[in-house]
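For reference, the structures are reproduced in the following blocks.
Two complexes are shown next, each including chain A; its partner changes from chain B in the first to chain C in the second.
Right after this comes the complex of A and B.
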């Protein structure tokens, strides 16, 4: 763990600010479903009073913190609860040693190309129940957990084949998942941005490091952070803003690089990094956004991922989606899907993740939408797994609703459009 | 009320002969510890077995009459070989020492155990180094007892080690005297460079000139006293808590007994005794007043402050002559800053003043600068009983040694002994010397064993880590100190508790960040649920909150104010407490 000792001390000192109000206990998705995790108040500032530097950790239960940051966002005293948990988790894992499984789950960027290259085979294998059983026995990855498919070509490869349109340049941080598993999110982003007159640039980029951080691997996260920073800082210094579509990657870049990891230059980067819809909202507010939408009579549920909430920028995608005529979108009133990045894949945590997601599933059942929209890839996997519904990134539906001049034939044809986005089968 | 000790009943075959049963039971049990209600149920059970149904009522009346007369006899006739007054470390230590020598005693305490200075100190396992320069005799006693306690009471001790640090304004002159003095009295010291000290304790003032490592430690006074009590009880001693001495009955040159009052029931009775030991600590002179005697005890108030977090892992002392705010003791989850020394006249009503709070922060923050911004959860004070020798004007100059007074020599009262002064850490030595004197007066020679026989519970750990480890597995009653519900239920079941404070003394409940704000109502609920009745819950709650407020308001600023506002909101707004 290479977090500066000054930072660590200041985090620990901030535990003193806790006023024991238990707001965090009321929102914690984990302690709500299992007594094994004592809840943020006990696990964070409470347990901090019992931890001694130089003593071996005894609080293995802290590994159950899903890292959703909901506790931080409701804390009236400003205690960095989830960060205290993360420090304790990292210490405990440093001592106990990390399972190979955790390494595998957090280093998908290393083998993602392989998955892409042999995607027909990998996808078939990953769906095979025997393979899943094997994964569970050998790697402790739960056999029911929703492993993602790989898609070929990658987003980056697809992008290379495009001819640039010109216009104001804007950088896009797409993230590993968009690159190898859900390339349509990237495509949609590029198409929408180009439609409103930007030229999209893909700066060199690596995994943001959040998976490592979430698994208490500060070293790994800092390495990734440094690498991304050097590339992205160059990008912003050349006058570009950086947009992201994955709220998890975004939270890492915008918040954790600066706030927790204190990486040099990260504050600068944060000022020029925006969530895609946040950026669109700003354009709209300044009157620079002229969308022409088709009518899209779809009933959609919008779920706000934890990291979006933690970013504190409201629900910009939801606001923009309201502009689409006919689209009936409602916010799904639930706190957490249970996936927590890599949390829900793990054998020992799968049931907890499933239980956490129950609330969300029930909320979706009540809403009865045809389609779910959410920015986080983890949430999308989990919601598909929980409900079997079609789950998209909001940018995908926005792209589909955009009336482009070359797209006259689908103008105002709701059913055809629905077919296109795969709602009718 | 405590319940009838059921072990007496189970061993007896009560085949209808109530009289035999009653006589056995009464001769073997402690009168004031018997609950009338439990008695009744036993009577009725036995009556049902022995007396035909029709004569049940008649029998009941008869039994009631017997009961009354039996109790009368007991009240008149409770006798003790040795009667100890004062349930602090010294009193409990004497009870244990005597019991271990085969001399059973009765101990009377007007509150709970460790209610006085024994429970109101900074929990320091003295190495004696603090007194090495100014009071070598006390220092010698401290280091001897330090070594003994590590052996006999490891479960009450955290072997933290301690540092004596010299700051630029102190110079090194005192340090050199200090090192020589420690060597003289046999306190092992190890000089450290400032860098070494800062590696051990990163929060220390980085400008320190030097640090000396000494075998200081942290001790849990409550566990220490209760372990002594447990051992004494196992060896035949009796303890009457919440029982106040009303008067001492003297006949010619001998104490005959004392008149006592059970503060919970209001019942008065007389206890006869062959020897009376005054182990009342700060109350020593107050206790002797009715006899027209006076030892000459100076009451010195020492105030302390508790931080929310533990600031360091070792005891930090300032290497200069003893003065205010020169020590920081890590204890369980917190650190305790001490102390002041202010002469007071009253033993019961004292509080920590704002100037003391400022002084403590100002002085201790010179050793650990982060104290300036850290959160405090409580301030409290204890009264040191200091024995005034001729010519010592300053309380800091009065010896921390103890005084054992044989009133036969001093005042001509044959069987009265007073023991006071001293330190928590020398309680065992004080008990040993007192017990020696009793034995000498009795004309027996039985040697003391308390220095070698471990206290009960000595094999248990301090369990701080255990509590953290088990978090999430059991229902928690106290959030801050992670006290489990079943821990409290066990105490309620096994011990004869009469007051809320008794529970608080036996657990870590209300000793954490919220000082009971969030757990005391849970505890009252638990009491209610388990049928333990300490009286009107509202009144108890109010009493607790008032007591709590005394400790909190001297250190109420910053985030503590926010928390206090919320707690007030809970009690006033939700519970409608006025």
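Right after this comes the complex of A and C.
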């Protein structure tokens, strides 16, 4: 089980479309910080003509591509640069063998429950410097990398304990990270959707498969995709739309399942899958979104994650956030956080991730915000690690700013709210 | 989603049109299949390079417009061009701003050791106007293949210094990598003192355009403080960081004013109802999205930008399938030198004074579609040295005449 040879051939053929304009060289976050990676023009279309099946790879550096898709988006010729890199990465890893560490980082859904069950213990362990040193020596997971905490109960468990409120049914793909590490993102989503009259349903779901794909493991990704498709197709056929809050999971489900992995049924699913704020924006455009917000005087920096950019839907969360009175949000002028899914955990890449992150941190420092908002869990981990600031998914702040419908008066509860979201001690 | 205006193409003309529309408080979608050509072309702002050397640009433009009634400049007039240019300059406040040399074309050094005329140039290039035999030390970097200091030094009859960053581990360096290093004070101190030691009476230091993306004037001043001489950049091969600075500044300005920006999205279909365009479809596999608007501006450029496509038998416009005009028949499509007055540069879209595309009888094809930028017929911008001038002035007036 891997990519179809037809797909492979068409990707490779498209390498010849390159007009050498070097647009991609102007935006690549990796070649900007290290000369070890020659940049998209050379790594993708340039090196492609030297890659032959059966011949050993000589381009180990291609593994340094973070998979951010920025190069793809600026290319006027439609060269699938990051996909060429991914194929080359997979080929080189097939030859060299994959480190156990990569398996661990991409299969957190297998042991995530363990982390949850023993969350106080796991979290203490993961913060322990001895353990971190061990992780680094044995597993090549960098000791300074921002390993996430586990939370208990899981989001799914929390949801099970709730009674249904009725309303139009809508499905939610929450993703592994929301389930075991950032439960509040899921809670906020449910609460907001219920507040505007939907009944949230959680269809059976597995890891979307993006971590495997990003590490060049097509088989693993395809298995995950098939499993999710069989459940989610049943969901949409029963008349529901599927919403997601993680832009990475969403990009995988909506675009990579169909475009890259060519999984049967994925085109249908794509038509009924929406990013949460994209969905809210559509409701707003058609006049069907009635939010009543409290005033929330907070200065927030908004960071657009790479997969959100790749989705091609603009910045819908940024647009919706403008509706919250008092909330002053500005776009952070940086293109990449450096985390790249699991990239920033790896010992050999940590420094590159740190360097990319430094540019982001400087951009944040220039804005001097009290709070950072971003849709991607990888970015949130990285930005917390880089800045020590409070970093939330935009839906969390939206939930906090929502007035309950019984709350008729408009009054300023800015400070109380700031307490609630933890900005004031 | 519905907009007042959808602009197709993210080169300088599309960006200018977006700025103009946002200044008029319109809701704008700016969409491009890539990021536009700024990192490819626009190191400086050419208005009309092909006029006698000592002629004032204004006078040169008057003459030119008189002799070229079909030229895009003739739809705008000299004062219109000046107004558009000041709107452009207004978003580049000092210290990194654009200037001309007393209203005339300046001759700026190039990375192949020649001089070329241009009108507006950013402050980091200004020192190039003083370059003379022997007065400049040209500084390059070992492993940065886009800028050969030794070769240029020979052509300009100056000395050169090629710095070696051995500690960087790899033999090849890219422009963005160098530029990021240059944003760090410690790095500037290190190379600054190396340059100072190498100076033998030169009063200028030339570098590739790597003085950083964010605050190039700061880097310039710092290096000048260390070396004691004026530092300037000489434009080189793409990716042009000079163009990137332009693009970044426009992006920042437009985002602050609420533009919707779709980079990397190709239009798969336009929806037309008699003489009106109703919307565009964007195919992003496997999804097709639809965007509607009251007005549309086409700013896709010619062949390199992808606005025009050449086949063996014909040349077509890629979004609206507008008729493409050429002054010559097919057997005259060929020429010796691409950069000369090559016939291929004569192709384009013919428009009325409000930039509406025209059919063979000279009637507007669409009521709500305008065409701007280098895709217009009637100019050979590469040969004339008028590329950015056409983009800025038609971008500005295309949007303004539409919306006011």
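The criterion applied here is as follows: the second predicted complex is superposed on the first by the 418 of 425 C-alpha atoms of A that agree within 3 Å, B and C clash if a C-alpha of one lies under 4 Å from a C-alpha of the other, contacts with A are read in each partner's own complex, and residues count from 1 in each chain.
By our rule, a contact is a pair of C-beta atoms (placed from the backbone, for glycine too) under 8 Å apart; a residue touches a chain by one contact, two chains touch by 3 or more.
Since we're looking at a predicted model, the values are computed, not measured.
Touch criterion met: A:35 reaches chain B and chain C at once. In the superposition on chain A, contact is made by A:270 with chain C only, not with chain B. Of the two partner chains placed by superposition, only chain C is touched by A:75; chain B is not. With both structures placed on the common chain, the touch criterion links A:197 to neither chain B nor chain C. By the touch criterion defined above, A:19 lies against chain B and chain C together after alignment on the C-alpha atoms of chain A. When both complexes are overlaid on chain A, the residue A:314 reaches chain C alone and has no touch with chain B.
Using the contact criterion defined above for the overlaid structures, shared-chain residue A:254 touches chain C, although it does not reach chain B. On chain A, the surface patch touched by chain B in one complex and by chain C in the other comprises residues 19, 21-22, 35-36, 38, 76-77. The part of chain C that touches chain A in the complex is made up of residues 1-2, 33-35, 37, 39-40, 143, 168-170, 172-177, 179-180, 237-241, 244, 248, 252, 255, 260-266, 282, 284-287, 289, 304-306.
Contact residues on chain B toward chain A in their complex (touch as defined above): 202, 308-310, 313, 333-334, 370, 373-375, 464-469, 471-473, 476, 479-480, 482, 512-514, 517-518, 559, 562-563, 566.
Contact residues of chain A toward chain B in the complex are 5, 12-13, 15-22, 35-38, 41-43, 46-55, 58-59, 61, 76-77. Partner chain C is touched in their complex by these residues of chain A: 19, 21-23, 25-28, 31-36, 38-39, 72-78, 254-255, 258-259, 266-267, 270-271, 285, 309-310, 312, 314, 331, 333, 359.
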